[in-house]
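Here subunit A shows up in two complexes: once beside subunit B, once beside subunit C.
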Partner chain A sequence: MSEPALRNDAAASRVMWIYMLTGVAIFALMALLGLTMRMEQAKWIPLDPTMFYAIMTLHGAGMITAMALCGMGGLWYLMNRERALSTLVAYWAYALVVAGVVAVLLSVFPGKFGAGWTFLYPLPFIGAAWPSWATGLFLLGIALVNVGWIVWCTQMFGCVVATYGGIRGALAWDLVFHPKRFAASGRHAPPPQAFAALVAAVDGLLAGAAGMLVGIALIVHWLSPSIPLDPLWAKNLTFFFGHTFANLTIYMAIALVYVGLPRYANREWHTSQVLAVAWWGTLLFVALAYFHHLYMDFVQPRPVQYIGEVVSYLAAFPPAVVTVFGGALLIFRSQLRWTMGSMFMFAGMVGWIVGGFGAVIDATIDINSTLHNTLWVPAHFHTYLLEGVVLFVLGWIFHQLEERSAAQSSLLMRWLVALGIFGGGAIFLLAFYVGGADGVPRRYATQPPPGPEISAWASVGIIILLIGFVVCLMEAVRLARLRRAATP
Partner chain B sequence: MDFNQMVLVVFLVGSVLIVAAMIGVAATTRGAPQPQSQVQPRGYALRARWFWALGAATALALLISLPFVPYPSNAEMAGAQHVKVTAQQYGFALPATIPAQTPIIFDVTALDVNHGFGIYGPDNRLIGQVQAMPEYVNHLPFTFSKAGHYTVRCLEYCGVGHAYMQGAFEVK
Partner chain C sequence: MSAVPRRTLAVALLAAACVVASVVPPIESSSVRLDVQTHHLAHAVIIALGLALGLVIASARPVREERPAWLLVAIVSPLMAMLLMIPATYDFTESHPLLHALDHLVFAALSLLTAYAGEQYLRGVGWAAAVALEMMAVGAAFGYGIILTR
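Let's look at the complex of A and B:
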């Protein structure tokens, strides 16, 4: 590597680590808040309802932002290898997101803002148990996170369009429809991670615009309460923003697996026509899937309810048929090196499919009638966030540490971590699914039976899970020290 | 076993199969390795079959499920007895008694913020729900086949009293 390239790689590495470590730190704090809520629901600890819902609000908003930061940092690093990106822009996006996180944090501690991450109009303003300034600060915080996100998406969009020859090139249009001409031209298709960047950028900009629109409307209403909003309009925009932002975290994180897993398997994960078409589908499906959040709003136009179900089903195809199937094929009969990194990446694909299966079930309108806003909802998204996105991120972090330290974790260490994170995770998640099937409502500080008993099992699961994460962290620190020693 | 428990069983069985299949794939890394060029053609052929199988299952699931959407038809709206439900932090205003074996349409709205109107049967199982929104009326069709005490719980987060927001009615 030339000296400028080395300098660029070091600067890009720094960007990646700052994003990722901030994301992991927020994740750790939010996990502790999650445990606090489950222990309160299990009646192990007392917690004032106002504080419970404030914590719930922070947990939801914080977790998604944490996952997004990890995905943003990782994908930025990967795309910077395709085309040198401005680190200044990356730091601006980071600073805006972090400023937003601080504002949200202050709105909750000490503001006790507790309208949920969904902040469904007009809840932030009516019957509030928190001061008005906390509402304003929370809305400002979310807006700052969103502006940082839009800056990042814009940079990514510019990167893929400039690198691969416009939108047509970034979509690999000619590879799909004119393969012979494309091969003869000597051009190369974008690598798989570039599709993740394109989808995150385009759908992210659409979601960001929706979030900005509803955010500004809410801030205007906060400043001038006499200006009313339409609750259904606000609900649509809020879920379009929130669902899409949350959903994109896994599509950003899978980019890390596209690059990392082939190195462990010593094989290639290249762009094919099928992979390109699958990402086209994802581009469309992610943008339209949010309708399933509004199935129980019967006043929604009937066609969009049907679109919600059909699109939610179709959204399962790209991961199930192409990405995870491709990942399985990549390691099938390979000489995969089983390390912490590859273990996490592989397990994350399992978590994605299992969580996706739970999501597809809930996206069935008829079934949603008895699962909507029960514990089934957090069940499925915790599955693909905790046992999907988080594992992809951990997989990448360990991949970096293992590669640069030229060291690995022992088999015993891998088993310990696996038992903690997958075993504890299974108990924690199963409690959600069982509670959902029993009709236990979500977002209840005090749950009806059998909620408290189920919450006790969930708390046990989280404690085991957190022990696994602590062991994992200690191992990461050990490898990082080796890495530092190995780095000239 | 009620409907939701069957859904849970389907999910658990499916999840176990997914995990087993992936563990099976992982186990092949312990055997004799094969070059990627040899594995890929067979994998792509299997992927094509998997695509069509999943496509058929999806089409079947959509065909089976979409006719059962809970939204009322115009005929149901015209022929049913309408019951007004109003939600407000933190309670429901609704009649104390509802007739059994009679098509009912719950006309559900809210006076302040978004709420959820979730109906729990005498066995404490969730049997149906709809959102209660300010400025809108959602129409939930329902015919109660069993007499007994039914509980209503708020199923949309509505503030610090959300968990205590309940109502009840008797089906006779």
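Let's look at the complex of A and C:
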């Protein structure tokens, strides 16, 4: 590597670590808040309901932002290897997101804003148990996170469009429709991670624009309550923003697997026509899937409800059939090196499938009418966030540490971490699914039976899971120190 | 006709359209009171013209390397445009035609800046910024300051 390239790589690596470590730190804090909520529902600890809903709001907004930060940092690093990106822009995006996180934190502690991360109009303004400034600060915080997200998406969009010859090149259009001509031209298709960047950028910008519109409208309404907002309009925009932002976290994180897993398998994860078309589908489905959040809204136009159901089903195909199946084929008979990194990446794909399956069940209108307000909903998204996105991120972190230290974790350590994170995680998640199937309502500080018993099991699961994370963290620090020791 | 005069012609026509769309309706029909939705949509038309103008101007010099300062302009301009679209101000501006026209010209200028700055940051980004701003402007007409769902 030339000296400027080395400098660029070091600067890019710094950007990645800053994003990822911030994301992991926020994740850890939010996990503790999650434990607090489950312990309160289990009646192990007393918690004022106002505080419970404030914590629930922070937990939701904070977790999604934490995962987004990890994905943003990782994908930015990968795309910087395709085309040198401005670190300044990356730091602007980071600063805006972190400023937003601080504002949201202050709106909850001490503000006690508790309308939920979905901040559905008119909930933040009517009968609020928190001061008005907390509402304003929360909305401002979310808006700042969104502006940071838009800055990042814009940079990614510019990157893929400039690197691969416009949108057509970034979509690998010619590879799909004119493969012979494409091969003869000597051009290379974008690598798999570039599709993740394109989808995150395009859907992210659309969602960011929707979020900005509803954000400005809500802030203006907060300043001048006489300005009315259409509740259905606000809900559509809020979920278009929120669902897409949350959903994209896993599509950003999978890019890390596209690059990391092949190194363990000594095989290449190349761009095929099928992979390109699958990502076209994802581009469309991620943007339209949010409609499944509005099944309960009888005033929502009916055709949109069917679109929501069909698209939610279709959204499962590209990850399941192409990415996860492709990952399984990549590993099959490859004599995969099992390390902490590859273990997390593989398990993350399993978590994605399980969580996705739970999501597809819930996206079925008939079933949704029963499950919508139950713990089934947090069950599915906790599965693909905790046992999907988080594992992809941890897999990448360990991949980086293992490569730099030229060392790996012992079998005993891998078992300890696996038992903690997958075992504890399974207990924790199963409690959500069982509770949901049994009709235990979500977003309730005080649950009807069998909620408290199930919450107790969930709390045990989280505690085991957190022990697993602490062991994992200690192992990461050990590997990081090995690298330092090896560096003169 | 060569590429340069065609662009110049497009710039002149779009600039004229921006000015006419911004200035003429508020002054010529100052007695007409638009409902909030129509007013939003009228702004969306002015914004579309401003965006097109910005894209045409920027097309003269495609930028192939990131210029971060322009990104700030491309992000802040649409924010300012949307902040200006406060429905509560519509009654006041409609009764002050000159101010109303000026308000429209600011919309056009901010839209132009959004698209132009995006393209000056990196080729292709201006289009994305333009789509995002137009989407917000049109989207506002269906629920911002107005209740359509009964």
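As a convention for this text, the second predicted complex is superposed on the first by the 487 of 488 C-alpha atoms of A that agree within 3 Å, B and C clash if a C-alpha of one lies under 4 Å from a C-alpha of the other, contacts with A are read in each partner's own complex, and residues count from 1 in each chain.
Convention: contacts are C-beta pairs under 8 Å (C-beta built on N, C-alpha and C of every residue); 3 or more make two chains touch, one makes a residue touch a chain.
Keep in mind that this is a model prediction, so the values were computed, not measured.
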Combined model on subunit A: subunit C and subunit B, fit or clash: fit
Which of subunit B and subunit C A:E309 touches, first, second, both or neither: first
Which superposed partner A:Y444 touches (first subunit B, second subunit C, both, neither): first
Contacts of A:V299 with subunit B and subunit C, given as first, second, both or neither: both
First (subunit B), second (subunit C), both or neither touched by A:T374: first
First, second, both or neither for A:G281, with subunit B first and subunit C second: neither
Apex subunit A: angle to the C-alpha centres of subunit B and subunit C, given in degrees as a multiple of 10: 100
Partner chain(s) touched by A:G423 [first = subunit B, second = subunit C, both, neither]: neither
Which superposed partner A:Q335 touches (first subunit B, second subunit C, both, neither): first
Partner with the higher number of touched subunit A residues, subunit C or subunit B: B
Partner chain(s) touched by A:D230 [first = subunit B, second = subunit C, both, neither]: both
Minimum C-alpha spacing, chains overlaid - subunit B and subunit C, in Å: 5
Subunit B and subunit C footprints on subunit A, overlapping residues: 230-232, 299
Of all residues in subunit B, those that touch subunit A in their complex: 3-5, 7-8, 10-12, 14-15, 18-19, 21-22, 25-26, 28-29, 31-34, 36, 39-40, 43, 47, 50-51, 54-55, 58, 61-62, 65-66, 68-72, 89, 112-114, 116, 118, 120, 124-131, 133-140, 153-164
Subunit B contact footprint on subunit A (complex, rising order): 49-50, 53, 114-116, 118, 120, 122-123, 126-129, 230-232, 235, 267-268, 274, 296-299, 302, 305-306, 309-310, 313-314, 316-317, 320-322, 325, 328-336, 338, 346, 349-350, 353-354, 357-358, 361, 364-367, 369-374, 433-434, 436-439, 441, 443-449
Subunit A to subunit C touching residues, read off their complex: 85-86, 88-89, 92, 147, 150-151, 154-155, 157-158, 161-162, 166-167, 202, 205-206, 208-210, 212-213, 216-217, 220, 224, 226-234, 237, 299
Residues of subunit C defined as touching subunit A within the complex: 64, 66, 68, 71-72, 74-75, 78-79, 82-83, 86-88, 118, 121-125, 128-129, 131-133, 135-136, 139-140, 142-149
